[in-house]
Every structure is written in C-alpha cells, then in structure tokens.
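Shared between the two complexes below is chain A, which pairs with chain B and chain C, respectively.
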Partner chain A sequence: MQYYEALGLKPQLALGLDDLKKRFYERSRQWHPDRFSRAEPAQQQQALDTTALLNDAFRTLRDPISRAEYFLKQNQIELSKEAPPELLEEVFELNMILDAVRDGGDPSQLTASREVFAGMLTQTDASLHALFESYDSRGDRATLREINDCLSRRRYISNLVRDVDKELSRDAHNPPRRGGETDSLGGPSPAPGPVR
Partner chain B sequence: MSTLQIDFGDTKPQSKIVGIDLGTTNSLVAVMDLTGPRILSGIVPSVVSVTASGDAIAGAKARDALVTQPERTVYSVKRLMGRGLADIQNELKLFPFRIAEGSESVLRLRLGGVVMTPPEVSAHVLRKLKLDAENALGGPVTQAVITVPAYFNDAQRQATKDAGRIAGLDVLRLVNEPTAAALAYGLDKRKQGIVAVYDLGGGTFDISILRLQEGIFEVLATNGDTHLGGDDIDHLLMQVALEDIRAEWDEDISADSTAVQLLRRAVIKAKEQLSFVPEASIDLEYRGRRYQRTLTIDVFDRLIRPVIDRTLRPCRACLQDAKIAVEEIDEVVLVGGSTRIPLVRSEVEKLFRARPHTELNPDEVVALGAAVQAGILAGDVQDALLLDVTPLSLGIETMGGLTSKLILRNSTIPASATEVFTTGVDGQTNVLIHVVQGERELVKDCRSLARFDLKGIAPMPAGMARIEVRFLIDANGILNVTARDQRTGTEHSVDVKPSYGLTEGQVEAMILESVEKAEQDFAARQVREAQVEADAVLAATERARKEPGYLDLTDEERSAIDTAINELLVVYHSDNHELIRAKIDQLDVATQKLAEIIMNSAVGAALKGTKIDA
Partner chain C sequence: MAYSNKVLDHYNHPRNVGSLDKSDPNVGTGMVGAPECGDVMKLQVKVNPDTGVIEDAKFKTFGCGSAIASSSLATEWLRGKTVDEALEIKNTDIVNELSLPPVKIHCSVLAEDAIRAAIGDYKKKSESRPQVSTNA
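Let's turn to the complex of A and B:
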C-alpha cells in the first residue's frame, strides 16, 4: 500500500483529516523539488518522484470514497458497477417526475425527491464510516465486500442527486419547455438563449 | 595614459536567481534581497521591433517603433505562445500579427525582413530583462523563475520555457502568476486563511483560490481564460472610435497601421484615465485631422461589462472546484493592470463579498512573487513553500475519439499516473499514444498536446506486450512521459511529436543561433570598450604633450610616443579589441617617463604651495 507508506501510515480505512494534512505538509516541506533546485540531477529526480507519489497519495486518501476504492483495488477486489436493485423503484419514479417537470410540471416534486436522495446519501456515508471502523478492527474480506456494495450504492445515489441538481439549476435559469423533446437523465441542456 | 583595469572574469559573486514577470503588455524583473523582494529595473514593454539594419530591439524603444515602424514591430505576442495557426484565427482579426509563409507546422511572425517564432520574440524581451538585471546587480544573471498564467496549458508553458532558454536563461521554475502574487502578498503579511487571487492582465485572466497555513501556500483550485484581458477592452474602444472616424472623416483608417497604433495609444490613455476620473477623452490627431470623443465612466462601464462578466464564470467554477463557499474567503487580492478599473473592483467585491486588497502595486506584485519563489529555490527563503496545481485535466485518446482522463485538473503538482499499454495486432512493434489536455469528453474538443511513439516493441501476438507508461506533470506544470517494458523492466524510448510548438531540435538550433549572436554582441562590446579606453589614453597623452615636462624628453622618447599614437590610431577602427589593447599598452609604456616627469613637477609645485590646474 504505497500511498499509505508515502504518508507514513498503517493501511487503515478510517483516517483523521487533520493528521493526514499535517503529515502531507511535513513531507512536502522535506521533499518538494523546490528544496533541491541546486542539487545533483539524481537527487532532483528522487525529490520529483517522491513528491509526485506524496501528492498522488494525499489526493487519494483525503477523500473517503477514493480512499476506499484504492483500498479495495489494493486488496484485489474489483469495484462493483451494477445498479443497486433496491433502488430501481425510486429511480423509475424520479424519471417520471423529471419528465413531468420538463413538460412544465411542478418543480416542487423534484425538490422533494432531492431531499429524499440527499438523505439517503447522508445515511450511506454514515454506514460507510461504520464499515471502515469495523474493518479496521477486524480486517476481514467480508467487510471489504460490504464496503464495495455500499460504495456502489453511494455512487449511484450521488449521480441521481447530481442529475436532479442539474435539472433544478436549469429550471432556475430557463422557463420550462413545453412539448417537444423529452430527454432522459442528464440529457443535453437546451441551447442558451438571451437572459431577460 | 595609465588606466585602471577591471577584470570582470575574476570576480564571481554568488549568482542571483531572478524572478521575471513576462507579461502580455509589460514585463518586469525582480530579485530577493535580505529585506525582501525588490524590482530591479523599470517596466519593460513586451514589444519587439526589428531595426532597418536587422537588429531586434525590445522594450520602450520597440514600443515607440509601433507607431513609426508598425510593420516591423510586434506586441502582445504572449497570445501566440504555444499555439498553432488554426487556433489563432480570432487573434488575427484583433491584432496586427504578420504571419510568415509556411506557418502550418510552426507559427512564425514576420518583422520586416526577419522571421521569428513567438518564443524567439519573447526571448528578446527576456534578454532585455536579463541585461537590465545584470546592470542592476553588477554581475551575470543566468538563472530565472518566470511566471505564466495559471491557466496556461502544457504547450504554452513549454513555449515560455523555450523562450527562456533561447535568451540564455536557465529557467529553474515556471510559477503561476496568481500564485506568485499570493506569495508576495502572504509572505509580507504572514497571513493564514483562504485567499482568492483575481488576476486580470493585458491578455489573460486567472482566478486562484489558496489556503495559507504555516508558510505553506496550497492552491486549492484555479481557473481562467488565457485570451481575456485589457487588450479586449482596448479593442472594444477602438471599434467605437474607428466607427466614429469613418462617419466623421468619411474614411476608413483601419488598414493604416500607423493611424491604428496612434488610435490604440489614445484609447488606452482614455481607459487608464477613467480609473481615476469620471470622464476622459479619446483624442487623435492624424494628418492634419482631429478626432475627439468624450467618454464617460457610465458609457465605458456599459461597453466593457461583457468582458468583465466573462471573468465571473471561471470564478464560480473555481470556488466549486476548491469546495469553498464564498463566505469562507478571507481575503481577495487583485493583480494585473486591468484591476484598476472601478467596475472590475466593484464586481469582484460583489462576487466574493469582501473588499479586495490593493495595497501592493498590481503591476509589480507578480514579479515580486517570482523573486520570492527564486528565493525559495536558492534556499534564502526557508519557511515558505508553494504547492500549486495543474489547471487542466490530462488524458489520452481511446477508442472512438474519446478521452480517458489520467490526471484530473486541480491536482497538486508534481502529479503522476501510470497506464499499461499493449499492442492491437500480431507483430506490432510500436504504439502511438495521443495525449490531450482539457475537460471535454471528445478528443476533438480537447487540446492536443503531443503524440508519443513507443518504438522497438518485440514482435509478439496481439495483447501480449506490456508497456507501462508513466505520465508525470512536474512542478512547472509540464508533462514528462517515460515508458518501461513490464516484462523485461527495461526503459522504453519515447519519441515525442509536440502538436504545437517546437521540437527539442528546433529549440537547440535557436539556442545555438542566439549564443552566436550573443558572442557577436560580446565581441562588439569588447571592441567598443577598448575604443573608449583608447580615446581616454589619447586625450590624456595630448594634454601631457602640452605640459612643460614634455620638453625634457629626448627626441627618441618623443618619436616613440608619436609612433605609438599613430599605431593606435591605425588599429582603432579594426574589430580586434586585443590589437587595440596591445597598442594602448605600447603607448602606456612610451609615455611612462613623461608621466613621471609631470608627476614629479606636480608634487614639487604642491610642496611650493602653488596651485596646480588639473
């Protein structure tokens, strides 16, 4: 687990952000190429390689999602790409609302579904964190597989929230379109017209 | 006669790393002192002109030539750095760039009879700055930190680095302009917190958001537009004025380069005045005719609002990428001459809900920051460290003209990514990798950086080869690619074909050429210096011959002096400084006795209390 080593950490899923940042800053001060501008080429190369790894490590580990994905890959677990079946009904309903809103329907329904999905996201984050701690104490592959499922669910919900947000922000800038084309989730935005 | 020889070759002071702000309109050079960064010389306009004798000049003199010799003079060349003919069509409508024939592969500009690439033009500006710095510091300057717009892509950065090398500078680091400004600003104030830097220059716009903490300047996100700046405002004003003139004079002067440059000067003057007074006039006198138009700040604001509005979208995107809410911004720093415009200030204040800082001169702050970074590299500044980001995502072309992103925008640099490539058909011995920069899904919407050719793959069935390619963006924001055969572990050669800009070979050739030029310049200077010395010696000898002591010399001694004078005069106009110096020495020897006699009589006169006239 190269990224953990780069920051002098034991491989674990639950990490404190402040500690992570402190380690990153300390090592950056020590290894940044700026500190080696008049050194031998070999030393300069080492500084460059070390800092690149350090930056890649910090970027990956500071975000819990990319951290977990990295952790799974390092444990030879392929990331799950399937849509979580338990969500299919909600997604079907959301698509109906989106279509209705695009046809000039009441956008408040969309705001309501956003609330629902945002709530789900918070919930998933909480269970993800619980799973992190559970794995850190037990270290079993079964928990890693549970984390994989949880990540897949989270990815899916976060895409839904993103698409709803896109539709809501479009709604704020443009009058609803009547009739005409209806596009699926995340379809192309209408051509920008003159504001006012 | 006797001269004081100073041999500069013997004194080798610890050479300073200078910081250079290579701007669209103006450039500056600064250095880090014990007390802090300081500007070394005056502003150098980023204008280059070729004289009738074919010599290139840069700076204020070249700017004057914009009016007198418009067809041999170029400005705002920064807009062309790292770009190809196809993507400068818009610039060509707005700027009087004269593109030379055969610019399809590498862009070349025509200045009178001379043809130059944009990096070569910039190199002339850099050489002028280098010379100014050497004069100010009294020693050679060979290493520099040069600033670039944060939103510059790989090709634009590479072109800037090439310009430095052509000018004889070892470019130790390219620093993003807004980051440099933050460095100058934060170092001074020992600030902590979240800082937004809004940088609207002559031709580029950048917005960067940084976290300052314990001397670490961590860029969280950056955004911008490398073709948006004061130039665009000038252009708007020009159009209004040209239309007026067409109506008033019943004449279109837009094809008359001299008239256009005079008008450009006039609108810039009016624009600059409007930062301080509510009303200014555009005033042009040309060939006995006069155009005058009063411009109020209200009309000016209405005219330029679309330009200012174009800066706001990148600001919002930058906040989003930095994951920073507007309320979290502690300070806003303004950089670039265009931020003197009142409308810019009020719009920035409205957007960030914080009164922008203006205590540092927006024209100087970037150069000062470059000097701070030079100080960091030299080890003179110990406690500060800059962690910058790459402004654009880096990707490779995959099936169907799609991009696969390897390094995302706003990743802290240096940053790297590794991909394994294989062959698609049996016996294939090379793999071509097309690297692009940009945020769009389709390759054609991104910026092509280069094609990397992995050659010499041992022939084997399709899909068996395993070439591990490492993409590394260094601390300058420039891409380096290395490849390794995973099976054998041997390094793989990579042929780079840059999509825009110069190949390594072309840069090398330009460096050689400029070194030759520099040698010629150097030789000419040595001759000139020897001539100056000869003038002084000849004048002193002439004075000495009028002294009464001259009569005390023997005939032989007198004729030796005459011979030495004549021989010096003969070699005076040769271009051999060594010969001139030899004859100066000969004259020195011949006049030694005369000098002694005069000295003794002077001392004697002094002892007698007689006043001696020098």
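Let's turn to the complex of A and C:
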C-alpha cells in the first residue's frame, strides 16, 4: 500500500498520530523541493513527486475514517452504500422533528436528538477502533467487512448530525435562509431552475 | 441539468403524502434509506385482504426532489394494483416516466426498494395471521 510505504509503515489500521506526524515531517524535510533546486531535473521531479505523495499519504492516514476507507479500497472492498436498517426509524423521526422546527416548532427537541446521534457517533468511533485492533492482530477479511458496515453507519449518522447542526445554527443566529431557491430541493443534486 | 416538469409537478404537488396505521394488519410499511445522501423514505400500502388489491398508499420522503417525485409516483401507481402486480413495478419504469438523469437513478431504486419492503411487510403480516387466530 503506497501511502503506508511512503511513510515507512507496515499496513495497519490502528496508527499513533504522533508517530505518523514525526514520520511525515522527517520525510518532508528530506524531500523538500528547495533542497533540490540545483539538482538534476529528474531528481527535482522526484522530489516534487515524493512530496506530493507524502502529503496525500499523511492527509489520508491521519484521519481514521479516510484511513479505513483507503485500507478497504486497497483490499478490493467496495465501500458499502447500504443504509443501516436499524437506524431508519430514528432517522425518520429526526427528520420529522427537523421539519417541525423549520416550520417554527420548538428547537429544544432538536437539541435532545442531536445528543442522541452524537452519542451514537462516539459509540461508532469506539467500535471502529476496536475493529481496527482486531483486524491488525488477525488480518481477516470478515473484520474488514464489519469495518465497512461500521463506516457506512458512521457516514449516515454524521450526515444527520451535520444537518441538525445546520438547523440549530440557523436557529441561533436567525440569518436569512442560505442558498435561496436551489436549496429548496435539497440534496447534492445539480442545481435546478427556480422552483418556487 | 434541470429537473423534468413531471418531477417538479410531483415535488410541488406530492400525491398521497401521509401515513397509515402501522399496527393495522392490512397495512404494510416499507422504510428505506440511502446513506450517501441521507435520504429516507417511508412507503405504506393498505391492502384489501379479500381481493389482494391495494386500496390506499401513502408516503413520506425526506430527500431530494427526485426521491420525493419517485415515491409520489409510486404511490399513484400502487393504488388499484394487486400485491403481485405491485411487485412488477421496476425502477426503470419510474426513471422513464420522470425522465430522471443518470445521477438520480438511485432515487428510483430507493422507491422500488420501498415498494418491495412495504409489500414484504404486508405479506409477512398476512402469513402470520392464521397462526394468531388458532393459537398464539
């Protein structure tokens, strides 16, 4: 796995951030393009390429989520797009509350829901970390698949928390609705024409 | 790329929004979602147990315009169909009717999944019914 190799690491899911930083800074200094300003063009290019690779590697590996996603992809596991079925009821309820708050309802209910989902996020992170360690010691694909499910669950929950935060901050500052018309259809869709 | 007129029509005037009594033995509930966009769709059917015909269908979808339009259209199509006919509705039918662009095809898949989940829930309920009446 290129990113691990670039930083002189053996591929593993649980990584210490301090060690990672140290390796990144050491190698970045060593390959800094300024040090190659008078070198052969081929070497200059190599310094540039290595620096770019080190940056990508560090950025990907320092975050446990992007690290795990990279790890799965490198192991030919496609990231899960299934919504965790056990969450749907709660997600639906949360959306009902969001709708009510947008229509002028009581935002305190939203704050309570946010805490529930933020708690789930913490829990998911803990299970993810346990799965990392379990994979590192056993190296089995079954654990990688569990990690995949865990990541999908986490993505879903963190999107929800983000939506709730957006709503809460709007409520707190009471600014004009951001986005204007294109926002009314929501989602990452290509901007539609004026809708309302 | 803009939404088609049919999508906008369903989005601005969604048909059959609402909910049915989940505990009613003749009501099947399907709840599906897509993690990438956070969409969640609830679709319910009320079936006449003697004829197997879907008498009512309701939905509530949190998601983009295409997801709302897909589920709105689905409920329109479901009404008056038998349970087995309902299972023949394909996401491609929805794509064609609403002229959904490729990036929005997953919305129609979600609607098809919701139909299947709702019918599946109804069937599960109706199969367990005779056992309930004889002995628990």
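The rule is short, and it goes like this: the second predicted complex is superposed on the first by the 174 of 196 C-alpha atoms of A that agree within 3 Å, B and C clash if a C-alpha of one lies under 4 Å from a C-alpha of the other, contacts with A are read in each partner's own complex, and residues count from 1 in each chain.
Throughout what follows, contacts are C-beta pairs under 8 Å (C-beta built on N, C-alpha and C of every residue); 3 or more make two chains touch, one makes a residue touch a chain.
Values in this document were obtained by computation on a predicted structure and should not be read as measured data.
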{"item": "Partner chain(s) touched by A:155 [first = chain B, second = chain C, both, neither]", "value": "second"}
{"item": "Dominant toucher of chain A (residue count), chain B or chain C", "value": "C"}
{"item": "Partner chain in contact with A:34 - chain B first, chain C second, else both or neither", "value": "first"}
{"item": "Touching partner for A:11 - first (chain B), second (chain C), both, neither", "value": "neither"}
{"item": "First (chain B), second (chain C), both or neither touched by A:107", "value": "neither"}
{"item": "Which superposed partner A:55 touches (first chain B, second chain C, both, neither)", "value": "first"}
{"item": "Partner chain in contact with A:163 - chain B first, chain C second, else both or neither", "value": "second"}
{"item": "Touching both chain C and chain B, counted on chain A across the two superposed complexes", "value": "none"}
{"item": "Touching residues on chain C, where the partner in the complex is chain A", "value": "1-3, 8, 11-12, 31-40, 42, 60, 62-67, 101, 103-104"}
{"item": "Parts of chain B lying in touch with chain A, wherever the complex brings them together", "value": "172-173, 213-214, 216, 373, 376-379, 385-387, 411-417, 472, 474-475"}
{"item": "Touching residues (chain side chain A, partner chain B) in the complex", "value": "25, 28-29, 32-35, 37-38, 48, 51-53, 55-56, 58-59"}
{"item": "Contact set on chain A toward chain C in their complex", "value": "80-85, 87-89, 91-92, 95, 98-99, 152-153, 155-156, 159-160, 163, 185-190, 192-193, 195"}
